[in-house]
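These are the structures, in structure tokens.
First chain A sits with chain B, and in the next complex the same chain sits with chain C.
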Partner chain A sequence: MELRPLWTIARRELREALHNKWLWFFAVGLAGLGLALSQAGLAAAGYAGLGGFGRTAASLVNALLLFVPLIGLIVGAGAVAGDRERGALLYLLAQPVSRAEVFFGKALGAALAVIAALGLGFGFAGLGLAFSGDTNATAYLSMGGSVLLLALACLGLGFVISTITRKASTASGAALITWLILVFFGDLGIVGATLSLRPTPAALLGMLLANPLQAFKLSAIYNLRSALDILGPVGQYAVYRFDAALPLILLGLLLAWIVMTFGIAFVLFNRKGDL
Partner chain B sequence: MRAWSALLLAAALLVGATRPALAGFARSGTLLLVSPAGPYTTILAALQAAQEGDTIQVQPGIYPGAIVVDKSVTLEGINFPVIDGGGQGTVVTLRAPGIVFKGFGVRGSGVEPDRDHAGVTVTATQVTVENNRLQDVLFGIFVADAERAVIRGNQISSKVEYEQGRKGDAIRLWYSQDAVVEANHVHDARDIVIWYSENVKILNNTIENGRYGVHLMYCDGARIEHNTLRANSVGIYVMYSNNVLLNHNDIRGHHGSSGYALGFKDADNVLVTGNLLVDNHAGTFLDGAPYSPQGYARFEANTLAYNDIGVLLMPAVKRAEFRQNTFWENIEQMAIQGGGQGQNFWSGNYWSDYSGFDADGDGQGDMPYHAERLFENLTDREPLLQALIYSPAAQAIEMAAAAFPLFRPQPKLIDDAPEMRPMALAPTAVAQPGSPVLMVATALGFLATGVVIGLIGLGISRPRRRIAAALSQPIEET
Partner chain C sequence: MESISNPQINVTKVSKAYKKLLVLQDVSFDAYPGEALALWGANGAGKTTLLKAILGLIDVKGQILVDGCDVRRQGKLARSYIGYVPQEFVFYDMRANETMEFYARLKRIGEARIPLLLEQLGLAGHAEKAVSALSGGLRQRLALAVALLADPPILVLDEPMANLDTRLRREYLGLLLGLRKQGKTILFASHRFEEVSYLANRALVLEIGQPAQMLSIAALRERCLPELELILWVADDNRPAALSCLLSEGFDAHMNGRGTVVVRVPEGRKMQPLQRLQACQIPVLDFDLEEVQIWN
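Take a look at the complex of A and B:
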């Protein structure tokens, strides 16, 4: 695998992704979400200087949970399937480049596009927060970091979808369904399972962490509050069991998702005769 | 008028009667000086020479313990001379009435919890322990069977090497009524715990990183006012005590499954006003308060903000009264452990999640505040589900309940006259971590990342190239 062709492909992929108006829609949405967060912070500071993690902040973390995975999934799903449908992938692979170069070039380009959208969104939101008096830069930075990991994990998932579908529209549809499962049906299933099976906190924690979104949620709340009491027995168990290692474990989980999804996508992409 | 003068006369008589008795303890004695250079070189020697009512003044230095004071004297440290117990037993024992012990550093008690090894042990009436610094002691100040003790302005911390439960109590009162515990700074010890002591006053203390901030066991008539509590396991827990007053305490940062800012177990005639309960697991926990049918538990003008749960009730709690409190952004404003509806009284509180209006402009919402979230009802019954609180799935369940009244749960509480505005509160200065410059720099860093990547992607090196052309030539650069 050589760097030059890889970078060329990455730039092309980045350019394509930047022309995807979804990406800019997400960036604007993120910035708006962040500004809403800063307004909530402002409202909080307006009451006797008391600040804290309240209902509004909890809702906004969950709003972030809706937005970020969608960016990754949509961009990822469009990365391979679209080119394959147009025949551009065939053309690319006919050039003197390896499949690995093509795949990782595309992955790099798409990742850069997602990072750009997140950077812009978080940048504007951060300015809003700074001017409304929230100056906890460390917490914000680590929040940005874990959002990035979540986005990349979902990007990987998008790539998996993209490599196994033949049409761009199918890929987009599959991405949306995956998103729905991750943000909604999975949780609904856990509600049902909890009510009927009454699992132990450890088992429920396991079920939750199978979903990268929940790993992010735990990490985000822990980052803001240094405790997970708000999540009830499961949160308390997680803190009791893993203590100071918890944030690292959660970040590790997200990283594992990234490696795993891109790995699977690469293996699928590398099959011969799929064009 | 006549009644007034009779009262005054009675008061004057009382003062006249008590003053000579007090003077006998503490005044008019001679002054004995202790310093490494003499005249007395040890506190024990000075104590042997002292008469009742004398004052022993101790210059800076390190003096060995253990010291047992059985004369009614004043012991006064100048610039905190240290009494070191050397890790054996109790360091200072005060066992004559009216002793004043002030201005010392006390350290190095023994470590046996069943022998109550303490920095200072008080076993006589009307003893004052003031402005001392106790550290590396198992228990701090242990007052046993000693009425009218005054514990004021001391700094107390326990043995650092032990975990919380193995540490001793910073202050322990045992059958010691009418004590005053005032303006002490307690940190990294176990509890301030008061057993079987009536009419105790606990005022203006700062209590940090302990287990129970203040724990009352069978203490009728206690007053707990203007204390600051931070990050203990539990804030103030009142058990089996009646006629208790809690006013204007500032309690924050109590987390964990029993992180209650205020807790009440089987207590009657409890009046709780003007407390600031912020960022705890639960602002207030009630289990058997009020306890008896004729007792009351009143909560008025308290601020409960940013707690995981504002008020947490055991299902059997009835007739607790909540008036004019501010419920601000608690994740769950009120919860009943195990589910259910509760039969308590709520009126004129401010609820940050109230969505009604005030058309007649009387400052109170025209529609009652209902706490009737279906998902909260589920989590009250099955706490494990809190893991999904505010998730889209939880919100969908909520919306379904609102849209189809069939699923609408019974309200946990109804406040008929919710306030439209939170209670006016003097702003508390909250130190923000970090600096605004750093925050702006971080934000600009994010922005710059986005912009740079965007420019690379849009082809900064060839700005005039037509985008369409670029798209039609997938790899023009190789």
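Take a look at the complex of A and C:
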């Protein structure tokens, strides 16, 4: 694999993704929400035991859980399926480039676009928090790292969807359904499983962590207050079981999601099926 | 030609099936420098599939060598010897010169050839325009310019003139003929006999479920040239007599809904029905010709 064609494709992909109005809509929405949360204070709506910055940041975590997966899934889903549908993928692969260069070029370009949009949104939200007075730059930057990993994991999931669908509209629809499952039905499924199966805290923690959004949530909350008791017995079990290694395990899980999703997407993309 | 140079493209016993549908069956051929080879067949006969296989984009049974490189193992290197032109140029949201620069970087060549190619292909005045603003003919010229960026010895074209009008098609054919005369190997899919007869030295006839056949252009003309329908206007009261006069001589004739007499004849026999009616002393008021395309 050569870097020059990979970077050439990444730059073109970045340029095209940055022309996507939805990306900027998400970024501006995220920035607006962050600013609004920082100004509103949300004294009553925050998590118990969190004060000032912690309350606002915890509210921001809930907003990020909605926005970030949607950005990653939508951008990823459009990356391959759209080009395949209009014949651009065939034309690109007919050039003297390898499939790996095309795939990783596209992935790098899409990742840079998502990082740019999130950087803008998250950056403005951070400015809002800074101006509100009560800040914790280290915790905020840690959360930024987790947000980035979550976005890339969802981007990888979007790439998986994109490589197995033939039409951009189908890929977008599948991305929205995946988002609904991760954000809403995942939680409902955990509640249902808890009521019907009465799992042990260890099993429940395992079920929670099968969803990258929950891994991000645990990581972000732990960063804010080094405890997860607000999540009940499961949170207490996680801290008791893994102690100081917990944040590393949660980051490792998000990294594993990134490697796994992009790995699966590449294997699917690399098959020489009909284009 | 075949005895003094090595083939640029060597295809040996290539087969491809989509589920149970066998699209290509033991296709074998060689293409030499300075030769234009047409892939001839109806839609779905496997022309595009064969071109994709030569570009190393799909897995097939058999072996394909491009300039000695096995496209399965050395696909990237093999594609560096090929300039590809699709049926319709798929463009990104870029200007014409930016498009050329993008593909030049992908092909790992300098940008020095870009102005030269834009000039040669009549695109110099359109370099700053968005590709989306170019006409279909200019886009196809741009696709050819992109294909020629690395000055490859082989051009692979998938019905490149399908969406062009007659005048643009003639211009494009002229460009391709010039490239063939420069020594490039041209492999192109087409279902227009005029394109094949103008540009190709030989034609590979593809038909679903049948072995591929390599034919000379003369043999293809004999086998596939359009039959003609000769539409004859004769006076109302003469029509039954005209029809029986033609049928008695063995012509494939019938009366159509407009009241004209229609005779189906091979290309080289279109005068004979007129001569026959003259012999029967039936005046023909007017006539028209329509092509009836047959594939194999």
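As a working rule, the second predicted complex is superposed on the first by the 254 of 275 C-alpha atoms of A that agree within 3 Å, B and C clash if a C-alpha of one lies under 4 Å from a C-alpha of the other, contacts with A are read in each partner's own complex, and residues count from 1 in each chain.
Just so we're on the same page, contacts are C-beta pairs under 8 Å (C-beta built on N, C-alpha and C of every residue); 3 or more make two chains touch, one makes a residue touch a chain.
The shown structure was predicted, so the numbers you read here are calculated from the model rather than taken from an experiment.
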{"item": "Partner chain in contact with A:A79 - chain B first, chain C second, else both or neither", "value": "neither"}
{"item": "Chain B versus chain C as contact partner of A:L127, first or second or both or neither", "value": "first"}
{"item": "First, second, both or neither for A:L118, with chain B first and chain C second", "value": "first"}
{"item": "Contacts of A:S98 with chain B and chain C, given as first, second, both or neither", "value": "second"}
{"item": "Residue contacts on chain A - larger count, chain B or chain C", "value": "B"}
{"item": "Partner chain in contact with A:L90 - chain B first, chain C second, else both or neither", "value": "second"}
{"item": "Touched partner set for A:N136, first chain B, second chain C, both or neither", "value": "first"}
{"item": "Where chain A meets both chain C and chain B, residue numbers", "value": "4-5, 8-9, 12, 15-16, 19, 88, 91, 95, 97"}
{"item": "Chain A-facing residues of chain C, complex", "value": "18, 52, 55, 57-59, 75-77, 79-80, 82, 84, 86, 88-90, 92-93, 102-103, 105-108, 150"}
{"item": "Residues of chain A defined as touching chain C within the complex", "value": "2, 4-5, 8-9, 12, 15-16, 19, 86-88, 90-91, 93-98, 272-275"}
{"item": "Of all residues in chain B, those that touch chain A in their complex", "value": "255-257, 259, 278-279, 281, 303, 305-306, 308, 328-331, 352-353, 378-379, 382-397, 422, 425-430, 432-436, 438-451, 453-454, 456-459, 467, 470-471, 474-475, 477-478"}
{"item": "Residues of chain A defined as touching chain B within the complex", "value": "4-5, 8-9, 11-12, 14-19, 27, 44, 47-56, 58-59, 61-62, 65-66, 88, 91-92, 95, 97, 109, 112-113, 115-127, 129-130, 133-141, 144, 183-185, 187-188, 190-191, 194-195, 198-199, 201, 204-205, 208, 217, 227, 229-236"}
